[in-house]
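To start, I am sharing the structure in question, which I have written as structure tokens.
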Amino acid sequence: MMSPIHYLCLSFALFLIGCIGVVTRRNVIVVLMSIELILNAVNINLVLFSRIFGDVAGQVFALFIIADAAAEAAIGLGIIIAYFRNRETLLADEMDLLKW
Amino acid sequence: MSHPVTQALGCVLSISPTMQAVVAFLKTWWVELVCGVVIVAAVPLVAGYVVLVERKLMADMQARLGPMRVGPHGLLQPIADAVKLLIKEDIIPRDADAFIFWFAPVISMVAALTSMGAIYFGPAFRVAQDINIGILFVIGVSSLGFLGIILGGWASNSHYSIMGALRSTAQLVSYETAGGLAIISALLLSGSLKIRAIVDAQSDQHVWFLFLAPVAFFTYLVASIAETNRAPFDLPEAESELVAGYMTEYSGFRWALYFLGEYANMIVVASVATTLFLGGWLRPFSNVRWLDIPMGVLPALLIAALGVYCIYRAGKQPVKVQLGFMWVVALCCFGVAVIYLVPWLVAPLRFAIPGLNGAFWFLFKVAVYIYVFMWLRFTLPRYRFDQLMHLGWYILIPLAIVNIFSVGIAMFLSLELGWNRWLAVMLTTAFTLAVSLLLVRLHDKHASAASSTSAVPSDSYAG
Amino acid sequence: MADSIQNDASQQNNTLLGADELVLNMGPQHPSTHGVLRVKLKLDGERVRGTECVIGYLHRGVEKIAENRTYQQFAPYVDRMDYVAAVSNGLGYCEAVEKLLQVEVPIRARVIRTILTELQRIASHLVWLGTHALDIGALTPLFYCFREREEILKIFEKYCGARLTTHAFRIGGLQYESYDGFEKDVERFCKDFERRIQDYVDLLTGNSIWIGRTRNVGVLSAEDCIALGATGPILRASGVKWDLRKAQPYAAYDRYEFEIPIGTNGDTYDRYMVRMEEMRQSRRICLQAIENIPEGAIFGKVGKVIKPAPGEVYHSIEAPKGILGYYIVSDGTTQPYRVRIRPPSFVNLQALDKMIRGHLVADVVAVIGTLDIVLGEVDR
Amino acid sequence: MLDSIFFYFFAGVAVLSAGLMVTRRNALHSAVCLVATLLAIAGIFLQLRAEFLFITQIILYVGGIMVLFIFVIMLVRLDAPIHQIRFRLQRFVAVLVILALAFEGVVILLLARKLPGEGLLIQGSAPADKLPPNSEALAKSLFSDYLLPFEIASVLLLVAMVGAVVMAKSRKRTSES
């Protein structure tokens, strides 16, 4: 096995890229995808430490995060479809109404 | 003037640790590598001949002859087709997304071939040997093939293609759920995800899981037909509606890749069903000891019988080439039969018997499963999209869930309470069937209600 | 048509996801538009919001050609309209001209005409059944249907030497006597056919997928049928008992017993059942007819040069696909002044939009199949 | 040796395609890049001997969640590249966030050298392999120690499913004449 720093750097890089995506992209779908990327970066760390400490708890949490991501994607995309049907836009900066 | 030579030598020596690592790697993994190469090399050929067999069967059922021109009885047709596809012009539509268009068929093909890596074609043949997640790996990786389909359909920039892709995705997602739930029943019975453990469990329990979970098997059968886009679920490529669905804009080699991926996928689902429900490489009645020798020799006898049939038919061939070819085929059969018989006669080779016979039975069961696919294809009309979704979501998935429940109860009754296993299985299966009847009744009621207001739009993709 | 397009405009942007409607061009090169029909489908997802038929890819100006040919010369042209039922086309044309000439056709000729026309009806329905089943995804019936059709075509070939565009009849009667063994051939076919038709029934009628694909698909009420002018099996499947063979008997139909099958719902399944029963009834007519073919002449009192008195005539027959009418105006010369043809396929095709609006794409091919159109006849 | 080759391969693919995902204008291209990233991360999981997570990642993420994404992208027809105009302010915020995060990361990863708590070295030699690949252990832990969270997660999924269906369902039914 390689030293943990490699994995930590990888997950950190992915986390950063995800953050950049969330902040800079206007398309809501891509923003959602960036969030998925962040969650995955977290998962790498969880699995890594699970391996290092010899405890499956990390993997269990990674599983929960995947389930969470699934729920989030379903809800997020549901909102996107509902919004698109009403407003015909998916650009974050055009979504400026709290109520419609 | 040995200067450059020594330099080169030094170079080699300096990378020698790498070389050593490579050698060590090869030493450890050569069986897997060879088997992997066999898969990659043989699957296209096998798929080609599966197509030929399909065409011949279809012709037989439709009162005609099928391919007869290329080679005797069209036996060289797959090779001719392959050559034609390879030398065809590779057309990429002008407005297509060139990279994805180029890449998508590769995904389909690679997914199908990779998933084959974890399948045991007989106890001796393996690539990824006994990985912890065995059957899950096969299913998961083969399900990646849909990516190739949907991306190819999208990248073609054609309405037919994108509709085919959308249909395909909705269908795959729905039926993979049903198929996965059906598999869980068998996994409950075996208690392991490892392929070898699943087959061993069927050997230990003296029964194929087909008989312990019949409903799960039939659910998986239907779901696997849908997953491989075969009739009557071939909507993504329904030629009478969508021309060729997601493959409409593809031609030549890329089209061939899709095609191969599809047939490789058929082999994959058939292998999964064989492993889980049909006893894998176990022969029929594998626990009846006195059948050991008759059943052990049976494969050789069957192959020899095929050879005899070829000789019998050879006399009726109208053309000399065909006659000669029949003899060649017959001799090949006899050769294989001899290979199968030799271990019985030569004691030191006895160790090869289980491997050879296992491979025979496994491939035999896979062939029967694929034959059922073909049979259904020639017999049944095609479902409509909303009917397909209804079947998946209103019948198959609830049925699979109920069946998991029933199998669990049956296991509890027989293992914990000590009931007779068959009684438990029959009771729970009857329960599942009653539920399925109820579901069908509800479905019919729903269908008739829907048809009376058939003009009401509903989101057929949402299922 | 104009009306339907206006409707589409009002429905635009009304799709489920609020996305634009997808316009799918079906045809003219498409596996299941039965020739060169082009249908522009406006789709919301899989659901059809509107259609527009574009026809004319096979237009040859048959009616105009008629004005430059003598009456006899024009007869082979009508075979090219509905080329899967050439004999019926010929019958309609010959009878129309005979009516214009006020010639009596000998009874023997009329009986043989009836037999051949009914065989042609079976052949036409077999082509329909095979292609319709293929459109819905059943591959196998096509080959069985064509196997049986082959037998009929062999009878035609023996009778007049041609298989597809037969030009079997002449104005005034028949050119050829029935060949030796004609009755036997027809009888053998009819005997065989009973068993064959049971095969199709076994393959399709009770099949739940088939029922699901056809029942309540493309429903056309009796009122709609009459308003649109749809005729033939389509009209009868909607419950209207209207068959020219009974209503205005021509040829020798008044001599034979047969039923007119009708449906109740006017859906694709009913049309399927009606056509299947029509094949059985045609078989029944053939069996009755060959039992007793009257002896006598086969050609009426028609000269070499046909020169009808000035006047006009309309004659229609029950072709396999519906009412086939010929309106002929004579100006007293050897060439018709005007021939107007009422092709059943063309009129029936107008029901397409009504039948598939709100249904799914897959139903489009089922409906095109059940309409049983032949583009040669639609475009003329 | 083999280990590090796999790691660098998967890590390279993951970072590269993640970068592409953020920068592609076409949402579908982004999705494809994300699929590549997810598959590479699955590879990392396999390399960490978390086989069950590897296959869960493939089946659930790639086979489930990404299908949803691609499906929605196709349904809302944003497949044509959208002209992207980024605000200055947004870019400014982005740079700020990245700088802050990067600083934090460098501090933690390169300066701390040790994990808090047990004092595990994060740089340097590889730790001993304490966890053999075993999906059964994972299952046992999931269904005994973490049964309640598991049930809660399943309820969450159910709620999400219902919510998604309710939201995506069309309210106004177009009346057919």
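Per-chain residue numbering starts at 1, and chain names A, B, C and D are given in the order in which the chains are listed.
Convention: a residue touches a chain if its C-beta (ideal position, glycine included) is under 8 Å from a C-beta of that chain, and two chains touch if they have at least 3 such contacts.
Predicted model, so just to flag it, every value in this text is computed and none were measured.
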| item | value |
| --- | --- |
| Chain nearest the overall Cα centroid | B |
| Remotest chain, chain D as reference, centres from CA atoms | C |
| Rounded Å distance, chain A centre to chain B centre (Cα mean) | 35 |
| For chain A paired with chain D, centre-to-centre distance based on mean C-alpha positions, whole Å | 5 |
| Chain centre separation in whole Å, for chain C relative to chain B (CA means) | 45 |
| Between chain C and chain A, distance of the C-alpha-averaged centres to the nearest whole Å | 62 |
| Chain C, residues touching no fewer than two other chains | 16-17, 357-358 |
| Numbers and ranges of chain B residues touching at least 2 other chains | 455, 457, 459, 461 |
| Residues of chain A whose C-beta touches two or more other chains | 81, 84-85 |
| Chain B-touching residues of chain D, taken from the complex the two chains share | 1-2, 28-29, 32, 35, 51-52, 54-55, 58-59, 62-64, 66-67, 70-71, 74-75, 79, 133-135, 165, 168-170, 173-174, 176 |
| Residues of chain B defined as touching chain C within the complex | 58, 61-64, 159-160, 163, 167, 231-232, 234-235, 238-243, 377-387, 447, 451-452, 454-455, 457, 459-461 |
| Parts of chain B lying in touch with chain D, wherever the complex brings them together | 21, 25, 100, 131-133, 136-137, 139-141, 143-144, 146-147, 150-151, 154, 162, 165-166, 169-170, 173, 176, 193, 455-457, 459, 461-462 |
| Residues on chain C engaged by chain B in the complex (per definition of touch) | 16, 22-25, 30-32, 44-47, 133-140, 142-144, 147, 203-204, 207, 209-210, 212-213, 215-216, 357-365 |
| Of all residues in chain D, those that touch chain A in their complex | 3-4, 7, 11, 14-15, 18-19, 21-22, 27, 30-31, 34, 37-38, 41, 44-45, 48-50, 52-53, 56-57, 60-61, 64-65, 68-69, 72-73, 75-76, 78, 82, 84-87, 90-91, 93-94, 97-98, 101-102, 105, 109, 118, 120-127, 129-131, 137-138, 141-142, 145-146, 149, 153-154, 156-157, 159-161, 163-168, 170 |
